[in-house]
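Each of the next two complexes has chain A plus one other chain: chain B in the first, chain C in the second.
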Partner chain A sequence: MGEGSGRARLVVFMGRNISLLFLLALILIGCAGSPVFMTAKNILNVLRQSSVTGILACGFGLVFLMGGFDLSMGAILSLSSCLVIGVMKSSGFAEGLAIALAAGLAIGAANGVLINITKGDTSETFLITLGISLVCFSISTTYTNGYNLYYDSNGLETVFASIGQSYVWDIPVPVVLFVALLAIFQVVLKTTLLGRRIYLVGGNKKASFLSGIDVAGIKTLVFSLSGLCAGIAGVVMASRTTAAGPRIGEGYEFDACIAVIAGGMKIGAGKGGMVNVLVGTAILGILTNIMNLTGTDSVFQIMIKALILLLMVSLDSAKLAPSGVPAEKA
Partner chain B sequence: MCEREGETLSLSRRRMEVEMPTPALRIENLTKSFPGVRALRNVSMDIYPGEVHALVGENGAGKSTLMKILNGNYAKDGGNIFLNGRKVDIGSPKQAMSLGISIIFQELNLENNLSVGENIFLGRLSEVSGSVARLDWRLIHEKARSYIEKVHGNFSSRDLVGGLSIAQKQLVEIAKALSFDANIILMDEPSATLTDNELDTLFSIVSRLRAENRTVIYISHRLEEIFRIADRVTVLRDGEVVAGYLVADVDKNTLIRDMVGRALENAYPPKTNAVGSEYMVLRGLSRRDTSRSVSFSVKSGEILGFAGLVGAGRTEVMRCLFGADYCKSIDISIDGRKRRIRKPEEAIRHGIGFVTENRKEEGLVTEFEVAKNITMASLRKVGRLIFLSFAREKSTVNRYVDMLGIKTPSLTKKVAELSGGNQQKIVLSKWINADAKILILDEPTRGIDVGAKYEVYKIIMRLASEGKCILFVSSDLPELIALSDRIVVMRDGGIAGILQGAEASAEAVMALACG
Partner chain C sequence: MKKLAAAIVGYKIIPFFILAFTAVAGLNPYFLTSYNVSSLLMQMSTYGIAALGLSFLLIAGYLDIAMGSVIAFSGVLLGILMRSSPFLHANFIIPSGIVLLVCALTGLAISFFVTILEVDSFVVSLCAMTFLRGAALVMANRKPVPINSDAFAALSQQLIGPVPIIFILFFALVLISEYLLSWTAFGRNLFAIGGNREIAGMAGINTRINGVLAYVAYYVLAGVAGLVLASRMNSGTPIVGTDAPLSIIPMLILGGTALSGGKGGAIKTLFGCAFLSLAFNAMSLFGIPSNLQDMVKGAIILVIIVSGKMYENRELKV
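Right after this comes the complex of A and B.
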């Protein structure tokens, strides 16, 4: 790189860290625009509001770096929220929690197994997880008869209520869960043999298979983990809102997807990690917060999110095009 | 041959005349840098109409950069390009085409799901049929047919390109170039995937292009071809033109010396391996797509060569043996014990390694670092319980970098940025580290340069000398004959014969291979 001019190097640096720069820019805008933005209360608020998306994005990020999409996450979230409240009412909190998480794990595993059976590539993960999301929707609709379930917080199940509503050293529990998941996944990815295998499968499935890596097993495992994340997110959401329904998770898979892409992950590149998930979740959270503080219309907010997604995707493809490579303009 | 020499002579006479013709293509002081690399330094050359000009050089010498500049993929940093004496600026591949420059890339640029005719006129279909509203398919295919006839293609304009052989696809590419009335046709290693018969066809077409006073720039690693087909040759090394010759005035050793910058004593290392006792016996391997079954055995320390035309089923047999593809039945015993191999994982556990023919797709994760690629088939060895030991990985990788002479600026370099020879050494390291006792090498020297080939031969010889069994699949007969102890010749999915190393000659092998 020695020969590149200062300006060219700056361009390369910005290209590589576009997500981080974007996040900084958002924070600056927030600070300039609203005096309450940088208060501790608002920051914790942003974190708490983003934590459900963040927990989903952890799982989505794993699938994404292995070269796939998981569009069933929102539907698994809904199902898990229905199960946790429904089963808790009839049997108790522990049973509800166990069944909600097990359902998430099992449906995630079903995603993985189906994708292995069809020998599906990236494009097929779209269709199969989409199909599974419909299955989830019909299960939760059947289970709830299509109604929303409510949990009246008469202090019966304090543990359940505390998942979404209490604090550990002033930090909301959902945020603690999100950060814990980030940390665990990051450690697994970066320091374990399993993590290396996930990266290798993301980098090149054929070469990994021919090098003796159990590609099908890794796929199933990663989709199971993603399902589990959706299950956890469902429990958190049910506890925070004390309500559940077959549609409450609708659209959340797209938020997770936008967060992962805004964080700078590339599909199937076998690169990036939970740092990208954190940055992406923060971008999405702060953006939403700024729009809420400025009273932006909620339909318009969806438009802005879509634009962020398109912007990130187009910036990425600009880097790939031979004539647009900033490094070569040196 | 005699005819060819006559042509070369007449050309040299022409070149000696005082009045030189205007070069069809003149390149003057062309310079191109990428961050950290000077890909081309003051490259100048003249290429005349009606000549076949060979461009040789090791990987990384700058051949492809030069081609991509001529095709408008890259912008040049400095220098000038003249076509027929007129200075031109080539801004895009489309512009290159309208200037009459056409490039046939190694990985052919055809759409497999379209017909030959559609491919030839891709993007110009409405132009050809003269109406945007309705495409006149009869006219399109008729016009396509005239170009197919020009290249003597034995296929119809309505055939799907996906169903053609690689040689036929190349003809389609050439037909496409002719349809643009390209005067300068660049061919990037067109022979890499061709059999000998197909190569003859290619050469006769190149000769015809020359007879029509078109200019062909021919890039190849196989020097024999250059002597058969080219009029002049330019040698590139490290982005500079180091020599230019009339082909008639130069010999192979001189070219190799110019390419690698030193003389190469022998093309092949001496045979030092000692063949031991029978190690692996394979009986009745039968595949889904052929009724023939294959049986052979290999001894420890033996290099067992596999010859055959493209499509004879060598790669398919190796993939079955390795458990990468389904096979109907197979009976393998390794070191006296029967083994079942249903997937690569099991093959690796039983000491088999597989260097595939296309290392970028199946052998390497090219976007990853050197280290991650070397340890990918033996991750347990660099792990402690479930964790990676980075220290152990680093020392493992350092050992192979020293042992095999892998040239990389650092262990964190992306494999994609290394030369073909170094990439192949990384694939070999991967299998040596996985403790492979039986190594399948499928075209291990394809697409790597002369100097690196010799190093790969040395590694193969060294592994055999250590008692490893080598299954050596190669379409390069000289190297196969020089290294192998025995040669299995395959034809139509079955074994046509097995030759002892001593009795193997190129003629004997080809006689069996062609039937």
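Right after this comes the complex of A and C.
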């Protein structure tokens, strides 16, 4: 692409970095539209609000790189939030945390194992994770009897409260967790053999299998990690709101999905990484913030998000069309 | 002889259904009472009609989970139209027609993204699902829109013997769909597109127009399902149908429609739908508590999806 006129190169550059341009546009709109937007308080607010979605998006991004969707993340989030508060009330914080995270990991692993049994592609990951989310939801409903669980944050467990509510040098702990996860996943993806294999499995499952990669193992691992992320997000959410319920995470998997796609990742393309997750989470966070500042109704917010996701995926497939590479169906 | 063998393999759901039917009927004396039979037929008709629509899409190789939102959307739209003027309230056929027209146009709009822009059908349906659910909630102001029309509600209450009229409608739609899928060029084209889109295109089949038609059929049938549900509840409720995707897709898979496209049929869908409805009905009859029912439902659905795909992919290595 090095040759060609400046204008053509600009078009290519814009096509490749459409997410960044979109983010920039949103920031400009925010600055122009509201005087509070650029205040430190509001920025911290955006960061804190998007950290749960961000943590989910880290896991979703990994699965997406590997050519799948994880629609069970919202249900796992609910389950882990119920477990952490429920078990903590009866046994203690350490047990609650351990069980919540273990549940996330185990359900993620179940996703992976089932998908391996079917030897399926993207559409099986949709359906199986959707089915798992139903099972997960009924487990949390059975566990809580359908009620919300509350936790008195003035009580004994200051460690638990601090996960969602305290600060490290003025930065909220959920944000620190999100950035730490991003950094770890980025290092794993870019510098380790495991990371390289995740890209390969996403790029071409059959070729990776034929060159001796344990495709099934990688899939199980990636789905487990994604479940673990959902578990962490559940604990953070429970700690931040001191409440948990079987429906608390509803719709969060959709947000994570938007974040990942808005960040410019493309399914099965073997490209992209945690930088895209960061950009996408920022887009979603700022968009939500602008809509909140302008007092947009919550249902309208969801509808607007759906339209933006549709716009993003359309642009993405239109971007590929002129170069003569049709979007191939796996 | 070969044809007969192929038919038996293709329609293996039917013997399973008969087996399950006799088992439940034998074990529970309440099952064959006319009340239970008509409520079972009624229950399966709503999602059955939507499942019928989805058959068109799955056969053409597209996947869609927006039907639950379309069901809610069409019910709410009908409620609002009926409320808007006494004339429309008296002649429910006209607003129903308008609702189905809107559904057809929505399907047309959605199919643009899938067939022309070639965006992944599932991702588009995720957007459509969220958007239409939001639209239904906003239009209805987040509470059910009462319809209060005795004539409209009577549609779903009238029985011929133990058979509800709605089931007869469902059955008629099954026959029409089966005719379209098995005996017309349109149906044959859909099977070809679902089997291999590129080759179908090379063979001179217009994959786009056929895809668009499949989408319109799907959205219209989901709209009909919404109208049926609205008639049963005598109101347009914006929160119905959230469990639709996970109830309907297993019906199709059970019937023998492949997720990868190119296989299936309306009668197969009918039996898949009957089988699953029978299983869920049996769970209620045998007194399984509702929390547990959800879990069992989820487990059954997973088993169906996983085993269906496992069988389909049994020769693949990975």
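Everything that follows uses one rule, which is that the second predicted complex is superposed on the first by the 318 of 330 C-alpha atoms of A that agree within 3 Å, B and C clash if a C-alpha of one lies under 4 Å from a C-alpha of the other, contacts with A are read in each partner's own complex, and residues count from 1 in each chain.
Criterion: a residue touches a chain if its C-beta (ideal position, glycine included) is under 8 Å from a C-beta of that chain, and two chains touch if they have at least 3 such contacts.
Remember, predicted model here, so these are calculated numbers, not experimental data.
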{"item": "First (chain B), second (chain C), both or neither touched by A:200", "value": "first"}
{"item": "Touched partner set for A:192, first chain B, second chain C, both or neither", "value": "first"}
{"item": "Which superposed partner A:48 touches (first chain B, second chain C, both, neither)", "value": "neither"}
{"item": "More chain A residues in contact - chain B or chain C", "value": "C"}
{"item": "Which superposed partner A:209 touches (first chain B, second chain C, both, neither)", "value": "both"}
{"item": "Which superposed partner A:240 touches (first chain B, second chain C, both, neither)", "value": "neither"}
{"item": "Which superposed partner A:271 touches (first chain B, second chain C, both, neither)", "value": "first"}
{"item": "Overlap of the chain B and chain C footprints on chain A, listed as residue numbers", "value": "206, 209, 327"}
{"item": "Contact footprint of chain B on chain A as seen in their complex", "value": "1-4, 8, 12, 191-197, 199-200, 203-204, 206-214, 269-271, 322-323, 327-328, 330"}
{"item": "In the complex with chain C, residue positions of chain A that touch it", "value": "69, 114, 117-120, 122-124, 126-128, 130-132, 134-135, 137-139, 141-142, 146, 205-206, 209, 215-216, 254, 257, 261, 267, 297, 299-300, 302-303, 305-307, 309-310, 313-314, 316-318, 321, 326-327, 329"}
{"item": "Touching residues (chain side chain B, partner chain A) in the complex", "value": "33-36, 73-75, 322, 324, 344-345, 347-349, 354, 356, 361-368, 372, 376-377, 379-380, 383, 386-388, 430, 434"}
{"item": "Of chain C, residues touching chain A in the complex", "value": "61, 63, 65, 113, 117-120, 122-124, 126-128, 130-131, 133-135, 137-138, 142, 197, 243, 245-246, 249, 259-260, 291-292, 294-295, 297-299, 301-302, 305-306, 309-310, 313, 316-318"}
